[in-house]
């Protein structure tokens, strides 16, 4: 079972990440400077958080396209709120999370209680959120306080804030996975019917998975605003496909039941690192898309091969 | 700390060349590739072919991606970065970091609000208000018009439209019948204009940003005998149409103005002169450099015989370039090194060598908050007409 | 003969549905389209007529073509995220090969469709033989194809579509634009293909229950691959037409069609999980989305509100199309008996 | 004594589909009460309503004279009602402990409970219900089907303080002694048990009374002591069931051999030699998991043998896919046991389902000719006794029995000469069974050949013209028609006589 455990706990993608990072650092020694590491993680954090959120939904067997809309919406809202200082940043965080959770609740209600296919329903909510974002912020810009722009992208005791946030999310998942809510989430991803007959409130669990997702998208949008010190009504668009690529890279199974948030965090980080890595070894930017596409296919094949080996062992 | 002074960039790559990066938002439309090709051609023109190593990087539409690419370029020891920035704010921190490392940043067309970067742009030159006034003049101050805008949620589109609305709002006779986003693209412009025409076949004029040639096609598709006055940007198709007597008879008149790809060439040459020490760097509050607004009316359209803008010509025959080709790739005064092949293929003109820029080339651009500066005030005469005079009073 | 016939005619305890929910969905969608077109007379007197209809038909023809492929892939339990890139590929290839002349047009277009169908075959192989989730496989293929287009053109698609194609996009016969006629023929042929041919039946069976289809002797993998191949070819065809329409290709020309192609399919009453759907429904979905967008443009609604309303229409359509609503409707219809 | 559970006039509609139309019954405390009925009679719906999975449209349930309306499994458990479901409701990739304790595997209020503590609590449950061969730490997917069934039962037992509902609890259990011991244990404490099973002998052993359902309504409650099986059957189907004597069949072994295997081996098979003759119904008997499933799937083209030969119509053939199996001459049509997952196309019409293998197409474009299709489908349907009025209905909406008829009609439609049927009457009602039997006999009379496996020995006895017994991947007995009896098959199915004791120990 060790291979399976490695795949599930994200150890596999961790190893991949470290290998790529090692090569990258060998080619580009300045990659190891504190500034570079901080910059790399600042750059990775929004995608990591978005992928973490999407994982909650994918684990229960669902799908959430609203990631692009929610990030655009929250990013725009953050940029029109003019609160300064640490307290202001906390206040904005509160509002951002509220909006994210609200969008998640709508998705969750429509999918879990109105029983509408997740892809279709979240496609609609994504479009609606993009529209609202355009109403709130007509063009990129807005205001992001210096506290958010500098402190949230800086370091605390020499440790970049972005690494701390990612670590906290990983810890949260570590605990959540062991709670009843976490077990039930994984259970319905494996077999929704059996879960229902086991007494799990399937609709409620699905509903909350979307709420978690919404909250994490909001967090992603919040840190995106901090990193770019600006807001944009189309900020979420690049996240749409990248988020799912990151989740896939982390080894979480589409269809649910297998994988985890930590793996997705690392998958997202790997995706961002990949861009740096390809740049450093001199791959023309024309072909980075091709490399990314191939890597996604290979990652899924690899994770599938691991599952195959595990299944084989279970049978014999 | 942030205000740390800049040391002059001296480091060249190991083989003695300047390492210059060309960073694009996304490639794929005529404008972007022409602008990139101009830089590529200049970098291959002697003596730069011996002294410059140019690397092209495409960052897509995601500011985060461009941030990451800038960081990589800085880490790789870039001497200068010529770039079309994706966001006017998001790149600031990275740009500042690069400046501190001694990297020269030259933005063309789009701008950043970080003061240490040079912005070479026409944006502040009043495209919106001047074309709007020209359209009002054509319409005699009255009529139903369409606004064919750019990309939703884009600050350049917002600046242009604000300028135009500043004028239109002064004329109660002007009614904006429809306003739609055309993504600065011929095809989308054509589709969106078609939709608007279905509701308002009696439109009197169109104010368009890039993609304007699509609007003409939509008009012809709806009614092949009726065109209306319109203003648009610099596509070759539009200029040919403006000068086309048959189209004029159907009602087409107007002005071609807007974003010139040649901005990238000026940015690159300025940067190289500063790197080579031929030109002093400017203080941080004077780094917004205005590129003059091209302005071509039907009467001004003049076909080029050769492959450059010679004798004041400004349009190419239809069999030489596609209709979506953006003219204004040349500037005989500032960029005499270029030919049509430079813009289309990125190849240098045989026999050409880099000519120094005239001394007085730098025209400072006015401050515009959110466009080229932060925490600054816009001048009171922000939307003052610079190119055209009102011929009708409100 | 069979001595047990008498035993078999036992009344089934469940009553079956006679009215197919897909049929109701399709009728509802078309009803809405008609209502909207005529309702738009209230917005502007010049709307709501034949010219408005023609305009909507013309503009939706591109979407209809790529949504057909998307619908087939969704029917076999997949999802095609490479639509945008395949449109670009079609556009780029057509301008590159044609170079503004009519020469060789008759083998260039089939050639382009063949090349893109091969790309679709690769996606299909990944999905069927390597068991890669369709979502990932087609997204990756999309990235790769786009990247190849970018590298191949070095960022600048060159050349023009053939003048004959340009003329095709502009000319009219009896007041009907040729692309509309093409679309009608396309709809006719492919409705028959999807709903009334042996091939379509097999695709339906595969989408319904792949294991059962395998046991019933259907070549499941081959069927699935052909759905991806057709989808890729459809997208490429849309790309060729778009390039002719806009007189040139750009690398992002497909971006506006990916999500609408999915939206058209689901609004048209197909299940996103596969196994249920009709092309006529998808056509209705495409018409509805185009009509709505054109009406909102005419109304002068701002981009923000326009986007919101489009999203709401999709959401409402989805809620309306739920199975429960149909069973409710059916039991209402049954009551009189 | 008052009734523990009283159900009165319970009704349930799914849209236009009526599943229950007035069920009345009562269960005494400590009683084991059977519910009998054909498939589609409403037993599953009754179970679902009682366990809170779905809610009723009308009628009432009272528990100790208090009206209850459970709206979820958890709520039902709060009333002391727990269910062991027929389709096991265990999560495959979780531990036994987690499955037993779901949905509240962790008892910690503010912090998740440690794994060790969870295993500890689960172990107590396992010990309480006399399970000592399954660790609470093992993953459910690694367990055998019988072990999983017991876990499912333990979970229900541990939650049932008032009413225990068992839906086909012995389907995967090798013997009933453990279960019946636990049932007697809980009933001795006053818990009532609602027991659903197709196996009448079990029902007679453990139950006191039975309520018979037909078409979603109660036909009556009987004391099992006082009625014989015939009476129960007739209440279930509404008329005297036709119990035909075994048709005397001429010996077919001298006819042409259509299918032959030589030392066929695979993961579970260890060298199978068999011959299937035209005009023959070849029965296959065996305990669960002796390799018969693999054998049938090899014939269907779904499984590849490791070694050995298959001859179809005297030619050595490899059956790589169902497609190929259908195409060899004479063709082989396989009907699997899993109707829902491997058989039907739920949203296609019955006619389309039947005609899938052989479209009634016209023209080069292969356009389906609707009238021709319906005609051909009707012909096939009549052979399996499927009423033609169902042909236009979506198959997903038909009852299990009719779905099975559709599948058999499809097999006929393929034109294959060899039918490979794996448990063709599993879970279908008596009437459908008779139609299927008739179809099978008719098919071989026309010169076809059938090889079929059944889990019901009586069926094998009744139908087979020859019967093979499979044990541990080998054919251990070949019984001629006149020698087939349930006793003989049962004995052989437990292996060669000297291995018999061992095998029973293994099975437990």
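Which chain is which? They are A, B, C and D, in the order written, and residues in each are numbered from 1.
The working rule: a contact is a pair of C-beta atoms (placed from the backbone, for glycine too) under 8 Å apart; a residue touches a chain by one contact, two chains touch by 3 or more.
Predicted model, so just to flag it, every value in this text is computed and none were measured.
S.K.: For chain A and chain B, which third chains touch each of them?
M.R.: Touches both chain A and chain B: C.
S.K.: Please flag the chain sitting at the greatest distance from chain D, going by CA centroids.
M.R.: Measuring from the centre of chain D, the most distant chain centre belongs to B.
S.K.: If I rank A-D and A-C by number of C-beta contact pairs, which comes first?
M.R.: The greater number of contacts lies at A-C.
S.K.: Please work out the Cα centroid separation of chain B and chain D, and write it as a whole number of Å.
M.R.: Roughly 73 Å separates the two chain centres.
S.K.: Taking each chain's centre as the mean of its CA atoms, how far is chain A from chain D in angstrom?
M.R.: Whole-Å distance between the two chain centres: 44.
S.K.: Go ahead and note the Å separation of the Cα centroids belonging to chain A and chain C.
M.R.: 30
S.K.: Determine the centre-to-centre distance between chain B and chain C, using the mean Cα coordinates as centres, and give it in whole Å.
M.R.: The separation of the two C-alpha centroids amounts to 37 Å.
S.K.: Tell me, which residues of chain A touch at least two other chains?
M.R.: 133-134, 284, 286
S.K.: Residues touching two or more other chains, restricted to chain D: which are they?
M.R.: If we look for residues of chain D contacting two or more partner chains, we find none.
S.K.: What are the residues of chain C that contact at least two other chains?
M.R.: Expected reply: 150, 154-155, 302-303, 324.
S.K.: Following the definition at the start, I'd like every touching pair of chains, please.
M.R.: So, checking each combination of chains, I get A-B, A-C, A-D, B-C, C-D as the touching pairs.
S.K.: What residues of chain A sit close enough to touch chain D in their complex?
M.R.: It comes out as residues 175, 178-180, 182-184, 186-187, 190-191, 193-201, 257-258, 314.
S.K.: Can you check the complex and tell me which residues of chain B touch chain C?
M.R.: Contacts found on chain B: 24, 26-30, 32-33, 36-37, 58, 152, 176-181, 185-188, 190-192, 194-202, 214, 217, 221-222, 322-324, 344.
S.K.: Contact residues on chain C for chain A in the complex?
M.R.: Residue list for chain C touching chain A: 79, 81, 126, 130-133, 135-137, 139-144, 146-148, 150-151, 154-155, 259, 262-263, 266, 271-273, 302-312, 314-315, 318-319, 322, 324.
S.K.: Would you pull the chain D residues touching chain C in the complex into a rising list?
M.R.: Residue positions touching the partner: 13-19, 40-42, 215-216, 237-238, 242, 300, 302, 321-323, 325-327, 334, 336, 341-348, 352, 356-357, 359, 361, 365-368, 383, 385-387, 390, 392-394, 397-399, 402, 410, 414, 431-432, 434-435, 437-439, 442.
S.K.: Within the complex, which stretch of chain C touches chain B?
M.R.: 40, 43-44, 46-47, 51-52, 55-56, 58-59, 150, 154-157, 160, 170, 242, 245-248, 250-253, 256, 293-295, 297-300, 302-303
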